[in-house]
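Listed next: structures, encoded as structure tokens.
Next, two complexes with chain A in common: one pairs it with chain B, the other with chain C.
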Partner chain A sequence: MSDARIAPPSFGARALGSAPLILFAAMLVYIGLNAPNFLSLFTLELILVQSLPVVIVCSGLSLVVMTGGDDVVSGGIDLSIPATAVLCAGIVAQWLSGDGGLGLATVMALLAALAVGLVNAALVTRIGVTPLLTTLSMFVAVVGINNVVTQSRRIGVDHPAILWLRDADVLGWPVSIPIALLVALALYHLAHRTRLGLHMQATGGSRDAAEISGLDTRKLQALSFVLAALAGFAASFFLLARGSGSSPGTEDNLLLEMVLATFLGAAFSPRRVVTLWGAVLGAILVAAISIGFKSMGVDVFWTGLIKGSLILIVVAFGSVAQRGR
Partner chain B sequence: MKTIASMLAGATALSLALPALAQDDAELSLDGKRIGIAVVGTQHFWDREAFNGASSRVEELGGEVMAVDGGRDNQVHADNHDILLNAGVDAVISILGDGAVEPKFAAMREAGIPVFTVDHPSEHSVNNTTSDNYYMGTTIGRLTADALEGEGRIALFNAFENSLRICAIRTQLWKYVLQDYPNIEILEPELAEAYANAPEDARRQTLDLLSQYPEGELDAIHVGCWDQPAIGVVQALEETGRDDDVLVTALDGGPDTLEIMAEEGSPFVANVAQQPNLIGQISAENVARYFADEELLPQTYVDVVPVDGREGAVEAYEELGYGTLN
Partner chain C sequence: MVGTIGLRGIFIRFGFLLVFAAFALFFAVVNPVFATGGNLMNIAEGSAILLIVALGMTLIVATGGIDLSVGIALDFGAAFSIVAMQSYGADWVTACAAGVIGGSLVGLLNAALVVGLRVSPFMATLGTFFIGSSVQRIFTNGGGPISFRQMPDGFRNLAMGNVGGVPMEVVIAAILAVIYFVVLERSVWGRRIHAMGMQRSAATVAGIRVNRILIVCYVAAAATCAVGGLIAGASIRMFTPLSGFAYLLDAIAAVFIGAALHPRGRPNVPGTIAGVLFLGMVVNGLNLMGLNFNTKDALSGIILVSALALAVAQRRMR
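Right, the complex of A and B next:
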């Protein structure tokens, strides 16, 4: 057995790991100086409200990464969460449009999310398919199911509960913000303040060591996929509220922002690993940058290039920093 | 029938709306105004051209453009209106979008920011500039029936009838015309095209459809609201060698689909072309008219060009300024 101890990250690795964060911070400063009305409470409210679905799905993804390890190919990844969120939103919208009750619609959406999570878990932990391939396939399948459920049509929702989530405020701030915060805090508590969460982190840190310690790593990883699907379920209500219904195609953008925000969030961690709170901050930061560029009037034909470049930078610096550990 | 009657009433309103376009616009100005332009996406010709037309005209009139692009995601498009609201623009031109934008329009109206829509009728909009969708629907109905010589089975792509008013008008009037052709059967269930990656999605769905309906059992495929899916439909027909027995009809008539129509032996036989760049320009001019205290009608209609067969495509391509086709 090797007696090598885990060395703290070198200064170079720390600097490289922080580079995306420094880049984003510099961009924010630049935007703050150049975008009209950017430094205002209304902008902050916009950033928070627009980031809420991403915050929730990022929380779910971070649980999977923390449990499976942060290697995107062989470790923990769940790309199906945005599709699950859109499917749950579609089920609720479809049921409500047929004059069904919200309670039953919620139960059906919850069951659908659980089914997605359990299938992901079984494929990864029992069959041995890689999480990347499993959840990418699941993303496609779930979007297909949603197309069947909604017939690829937009379904408007005017249920009072959904409109309340969209319009109500508390102390002048949209009520959706504290509700999403509570969901994220609950997941944070689970991940970082409970024995179960520590076991999940131990599994992601070193699966061999966790197994030697007697942890059932397969069960823990399976649980992470189920929790991620439940995060998708929770996010669906924020999607419904934000869009006053379900619109086809929302999953693509949500997927992109989820991956970007979660791995950007690793830059907030001293060890440059994905954490739940880092993912949440990453989601807010991505929304801030996105709104900032738009507020500055950046040419619409350039925004795709900018977003794609940011993802490349985050992923590249993350890889370089990991090599330097 | 009430719906159809209201559509035809709208068509009549066209003649009342057109004089507004004839006004002298030499004195129109947006000098000192910052105009937000929210477009649902810029991937498709129609969206991009409407956006380009509105942007360039705002600038020509001395205004400053603040543009936001929804990336073909209706949700992002709706959220982008919040950014324009926060930026305190003087007016907004909103191009396309679904019901998700309505609460955003309401918030803008409450904040005193006038909203001008393009191809999206809304109670919160000062004015909606759009093609004559009533004429588009009836014309493509007649062209479809003529191409089928009054009989046959036709499959319909129709995902947006319930969510986009312009699509409802076009599709329902197409169906209205076909009611007079008892030997034309519209197949059920209708097909639902995708918003994003529409050609590829339609290609796959058409391949499935063709396996369901062997040669002789399907005569045409119509796309009810636009023509990007028709590109994929034609691809699928050519892949399977069914381009001789299944005709394709659709709406929008951008240069890409007109080029397909102009190919020898193309199954794509009828279209109605719009002028998206002009629509965008007129919407920008309407903003200027609003600030000049001119009275605006709720809807401004812009002429469309029927495209009948290969020859029609060649002519329309040139007439719309896209160049020449052999």
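Right, the complex of A and C next:
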């Protein structure tokens, strides 16, 4: 995956490489022509608001992948972020339903997220369990803990701050959109505009080379897991706002959409690597496709089939284009 | 390391087994029922389907991949066999064959993606998982179970029968485990699979037909999971869509606990069996303690994380 070639890609490879984007554009145009109200500002707002939790967890995941390398089995991956997000949402909702204050609830959720991030980091960098396995089993454990916290109940939240995040407008747009954008921008700034971020990327690019140049790759990888858990913490508030509370079972769909969006994003990037903007774009496109098919009246049972085929088509294009170079 | 005695040496050799034993002792002390023969058979019976799925997973992980669609193959096994009997009046042997063939379709799709299109196994089987789940929803109009009360005794016996007092599902799982053990650990085929999993390019250069082996492995793994689906269908006399997903994480965990117990960290059949029995024992023991459902879930999750950490740490210290 990571063999760098100096020669520019051939025309055929470039055409194949942009195929995923063309495919998506074509699909959106098709939906736009067939669903009456799809191409409207209102739908765009709906899509963006719907995608926000995924956007945030995807940003966190792309940091982990950038630092750990893009091999899904042996490289960096963090499947526990959706579970962390759901746990934080559960803690906040449970605490608020017991007449607790939002401040303390936030602090407790933050501590829980930090704990998950630190356990992930310790298991991966100290004990040497592969990230896939670590975060998969942490997903199970964290979801289990959330079910103890919430007793697997749906907990509604009507705290003014959460309702504000859900309903408030700024210049005619839901306030949650610019806030999520700020979170993603902050992570982007960290990854691409700071020394620390470049060190993280160097670690993912070639761990050996990064170590030889004196970077503490273990510490950097540990940091990526903590940052990912914090992204989960941030996403929890968008989950609470989107669902007006916390519901059990949210984590499964969030996990699938996160993985889909992040690796879809990689297919859009010129070098086929996971990038933060690719992941964000992926998350928005996934939401657009879901909402688009729904507004076309396509049965909801079919969306999994459509999403699954999309991943496969896009990833297959990617691997064919890679070989064509 | 030869001759090292002391805590470190003991931990390195027997760490995981000691913890296994400690858990068993703890459960037995808390509830004496745990250690009775009948309950141990319960554990074996409860672990049979997971073992069958985990065997398929062991094969795929040995090739250097991962299979996220094992649950779909299991569901297809149950669905095809039950529909064959209910809608087409098939006898139970034909129904079993239909189930295994139905499950193999999932493996064929995976093989086509991994070998034909060179999609990474993670993404390919994730895609298969999405598609397979959706197909089940479409087929059952949203996920309602298909129940079939009047199933032939032959089929029902897959789950309810016994051989000399040993439940049939344990017998089937044991037979499959022996076959997997012989093929994967004691045959030329197994050597080739391991060689390929450790270093694909070296295996290709050495003349191993990597693609052909991969196709066979994906289909065989899916067919194995479909056998688990037959048993699941026979035991509850219905096909419940998407029920196979429950085995996915446990199967992965069992395979990797087993791999961590191996001297060179390879997935292997005895290790997988140890992993499956450990998970089965924990679930059974926590059940007998009469804990609240949610607490039990959280505890088994935490035990899973700790067991993995311990197994890997034990190998790293060698």
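The criterion applied here is as follows: the second predicted complex is superposed on the first by the 294 of 325 C-alpha atoms of A that agree within 3 Å, B and C clash if a C-alpha of one lies under 4 Å from a C-alpha of the other, contacts with A are read in each partner's own complex, and residues count from 1 in each chain.
In this text, contacts are C-beta pairs under 8 Å (C-beta built on N, C-alpha and C of every residue); 3 or more make two chains touch, one makes a residue touch a chain.
A quick note: this is a predicted structure, and the numbers were derived from the prediction, not measured.
Once the two complexes are laid over each other on the shared chain, residue contacts for A:297 go to chain B alone; chain C is not touched.
When the shared chain is aligned, chain C comes close enough to touch A:140, but chain B does not.
Legend: residue contacts after superposition of the two complexes on their common chain; A:269 is shown touching neither chain B nor chain C.
By the touch criterion stated above, A:40 is placed in contact with chain B alone, chain C being left untouched. By the document's definition of touching, both partners, chain B and chain C, reach A:151.
In the superposed model, A:309 lies in contact with chain C only, and not with chain B. Once the two complexes are overlaid on the shared chain, A:206 sits clear of chain B and of chain C alike. On chain A, the surface patch touched by chain B in one complex and by chain C in the other comprises residues 147, 151-152, 299, 301, 303-304. The touching residues of chain A, counted against chain B in their complex, run 35-37, 40, 42-43, 46, 49-50, 147, 151-156, 166-167, 239, 242-245, 247-250, 252-253, 291, 294-295, 297, 299-301, 303-304.
Here chain A touches chain C in the complex through residues 72-73, 119, 123, 127-130, 132-134, 136-145, 147-148, 151-152, 256, 259-260, 263, 299, 301-309, 311-312, 315-316, 319-320, 323, going by the rule given at the top. On the chain C side of its complex with chain A, the touching residues are 65-66, 113, 117-124, 126-135, 137-138, 141-142, 249, 252-253, 256, 293-295, 297-302, 304-305, 308-309, 312-313, 316. Contact residues on chain B toward chain A in their complex (touch as defined above): 39, 42, 51, 65-69, 71-76, 78-80, 82-83, 86-88, 98-100, 102-103, 159-160, 162-164, 192-196.
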